[in-house]
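Each of the two complexes below includes subunit A, the first together with subunit B, the second together with subunit C.
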Partner chain A sequence: MTFPARPKTRLTELSARERAAALLDSGTFRELIGPFERLESPHLELQGVVPACDDGVVVARGDLDGKEAVVLAVEGLFQGGGIGEVSGAKIAGALELALRDAESGHPVCPVLLLETGGIRLQEANLGLLAVAEIHQAIVALRSHVPVVGVVAGMVGCFGGMAIAAGLCSHVIMTREGRLGLNGPQVVEQEAGVAELDSDDRRLVWETIGGQQRVATGVADVLVEDDVAMIAETVRTACEAGVPAENRSAQVGRYEARLARIDVSEPVDGPALRALWDDEGEER
Partner chain B sequence: MSRGKTWFEALAGAIPDGEPASVLCADGTVGDERSRFLAVVPNPEARFPRARDGELGLEEGWALARRVREAVVEDLDDDRRALVAVVDVPGQPYGYREELLGLHLALAAAVDAYATARLAGHPVVALVVGQALSGAFLAHGMQANRILALEDPGVAVQVMSKRSTARVTRRSVEDLDEIAKEVPATAYDVTSFARLGALHRLIEGVNAEQPDAEDVERVREALAEAIYSARHDGSTDLSGRLASPEARQHRDASLRVRERLAEEWSR
Partner chain C sequence: METLTFDYPGSQPVAHHAHVGVVGSGDLEILLGPSPDQQAHVIVRTSVDGFGEVWEAVLDRFFTRNDLAAAVEINDSGATPGTVALRLAQAVEESRS
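Take a look at the complex of A and B:
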């Protein structure tokens, strides 16, 4: 059996702006507060960091299968995708407008492309406030429309923005994507190399990588790092609508899952997959 | 005894039994208001050893979510009781097992529960009596529609502990203190945090470590006012934080971004 040859484009090779454009219906991409408006972070130059003209977040309106959408794409190459005052306000503000529209019966599907180490430490508490506002907007919005999170790589999704991913209606990951609260290097630094060797790629991906997260139900769909396939998966997630019970509200299920962990024994990724097998456990 | 435990006991009465022992939850009153008090406190026996010093870990995140959601379900047909989060959290645990078992999701569960309660009309008030650090504060405190804090040198609000920030950013603690003078958002003290406009009130002149009856009474009065104002301002979101005079001055960029987005949102 042969397949028609199709040039594959990896989403992870694209910039945030290109990612947003590639996911939306062809020709519908329209950026809000684009780079020529130069709405930069007012806090970075003081600390010897060159600001970016979009502060590392692209807000794009456009369509997904003809339906209105807003894509919020974090640029992982700028300051590790760290969320500062401006970039955080772009995400929170766009979600707040989508909420306003949804409440007046005009649904706009929000898609978050999460390549971020979390809050940008140079902007500290301003980032903390912005991330709390992002959390609020996701929780309010997702009862009207599904909020879709994509963790494709290469930065991964950590810190306060990993909490945001935890709040999303649907989380899509690639094998390259990683999702966790504290990044591996931070865990190694704070708890020691015996706790976690952040250079051990196999170990890291078996712990927080996309395949592991989807296998244990902590994320929803594993997809190849291919623009066309991810675009299709995002459309399917938007189409799937609002889940009956969001993952972050499944308290009984996760308390039972934690109760099944024997803390006197080591547990690793493969062992957890057996223990948290969706098929084998009662919901 | 931790400050969180001290203040929980002072406000709620006794320390209740419950699982896990690190999450205190009790119903009581503030003025005329039925209130559920919640705190995360150290538990040397905690099942997950990296969360024994008051960190907000896996069990704590899910247990807070359970306790908050219980109140939401019980009050569906009734007056929504107030939820008072007593905040003294040094952060989240750093551990391999924590990441494997989805610590981000445990914290999201607590965020979700508090935000859901607030959106359902429960007045949610955070009372910061000690440390309010990192993901732990996002999960337990930041979703409140009113944040109160004691003005005290032991009260700190920040994204990461100073020690960890210094290591991650490869700067010395002295460097960080210098930067904080220029950039108040990076400071740890609660007065600097108050300048960002997210605090409903800074409570002065209270002994945060060993409060006497008068101190507790003053805090109760502040809580009662916060609950009353949260219940009556007609908004269940966090937009009030950006409406304060302090925010107009120190979160100017946050406001400008929102104005610009609103202008450009629809063609």
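Take a look at the complex of A and C:
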């Protein structure tokens, strides 16, 4: 007797709030500073931009396999997931609370769902400051508990928040996810279409897409865009604990990688994989 | 952006707070909660200027069909009238569960 395949639920089709609830153990989702706290950005309305009641970040406590967790989910559909003063403070504050808990022997696994273009331009310096606080909190926290970053798509993770992803203990991506300091449109705008044609989807994903990022060791695990599979991967990452050496501490390894690139020759996705392949045994 | 306010008479109290939708292109979020008096109070913040009459028509129709004493906040990012009507219906449904 055969059963029909379980219908697949794509994480990328869910809102940030739904994503947080879907990843946590069933029935354990509890939102902190929820919509009716109305902790919205004080800067957007003054600039003619409609604010959101949660400023585009969901802070959720709950369990992962019965162990305490905090999920910080950025809503990619609101202002491209841009980090402002309030949304950034929600993430940084939650991470700082998790640090305080960890230091008092009460580990809470932080999971960041990163769908963000980086700093929200309308809040420029305040966004930068908030992102710096997020970086600081991740670095302080990751020696106590694994900090798990998920870049599922469809926005991807860019700018200062791509650095945040780089600081995470474990980074999980889907094929749809993209991770990079500058997004393809910014690269095209600043360096010209000859440098990168942002409309060339194959080229963009071959350069910064999840499959390439995992193959070149910039992210750790490639997973299908499926709620159950991503939830399982997040649990495995939390269970794996603190890595022996964090990616951002491996300065020599990455310097050696950069030294191997001949900048006089264009390097495409497959070429980069070949160039960096000899380090595959480290994962 | 533009801010619009509307008031309607209403008698049925709201059982629970409800939040639906996202402030993303073509969508909107609605916060529905209890009203302090026997009226419905609606505040709309919309990214698209000049559609006050359309908002009025959509909300008139909704409150003709739903006798609610509710405080409604809408943060809109260019949703069509159809999407607005569906989100309002969804918010009412959520507030009952």
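Here is the rule we use: the second predicted complex is superposed on the first by the 273 of 283 C-alpha atoms of A that agree within 3 Å, B and C clash if a C-alpha of one lies under 4 Å from a C-alpha of the other, contacts with A are read in each partner's own complex, and residues count from 1 in each chain.
Keep in mind that, in the parts below, contacts are C-beta pairs under 8 Å (C-beta built on N, C-alpha and C of every residue); 3 or more make two chains touch, one makes a residue touch a chain.
Remember, it's a predicted structure, so these values are computed and weren't measured experimentally.
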item	value
Simultaneous placement of subunit C and subunit B on subunit A, clash or fit	fit
Partner chain(s) touched by A:P35 [first = subunit B, second = subunit C, both, neither]	second
First (subunit B), second (subunit C), both or neither touched by A:E75	second
First, second, both or neither for A:C53, with subunit B first and subunit C second	second
Subunit B versus subunit C as contact partner of A:V193, first or second or both or neither	neither
First (subunit B), second (subunit C), both or neither touched by A:A274	neither
Partner touching more residues of subunit A, whether subunit B or subunit C	B
Once both complexes are placed on the shared chain, angle at subunit A toward subunit B and subunit C, C-alpha, multiple of 10 degrees	110
Minimum Cα separation, subunit C to subunit B, after superposition on A (Å)	16
Subunit B-touching residues of subunit A, taken from the complex the two chains share	30, 32-33, 37, 39, 41-43, 46-47, 59, 61, 85-86, 88-90, 93-94, 96-97, 119, 121-133, 135-136, 139-140, 158-160, 162-167, 179-182, 184, 186-187, 189-191, 195-196, 207-208, 216, 218, 246-249, 251, 254-255, 257-258, 261, 263, 267-269, 272
Residues of subunit B touching subunit A in the complex	47-50, 58-59, 62-63, 65-66, 69, 92, 94-109, 111-113, 115-116, 119, 135, 137-139, 142-143, 157-160, 164-165, 167-169, 179, 182-183, 185-187, 192-193, 196, 198, 237-238, 241, 251-254, 256-258, 260-262, 264-265, 267
Subunit A-facing residues of subunit C, complex	1, 17, 19, 22-25, 27, 29, 31, 33, 45-47, 73, 75-77
Residue ranges of subunit A touching subunit C (in the complex, touch as defined)	15-16, 34-36, 38, 45, 48-53, 56, 75, 77-78
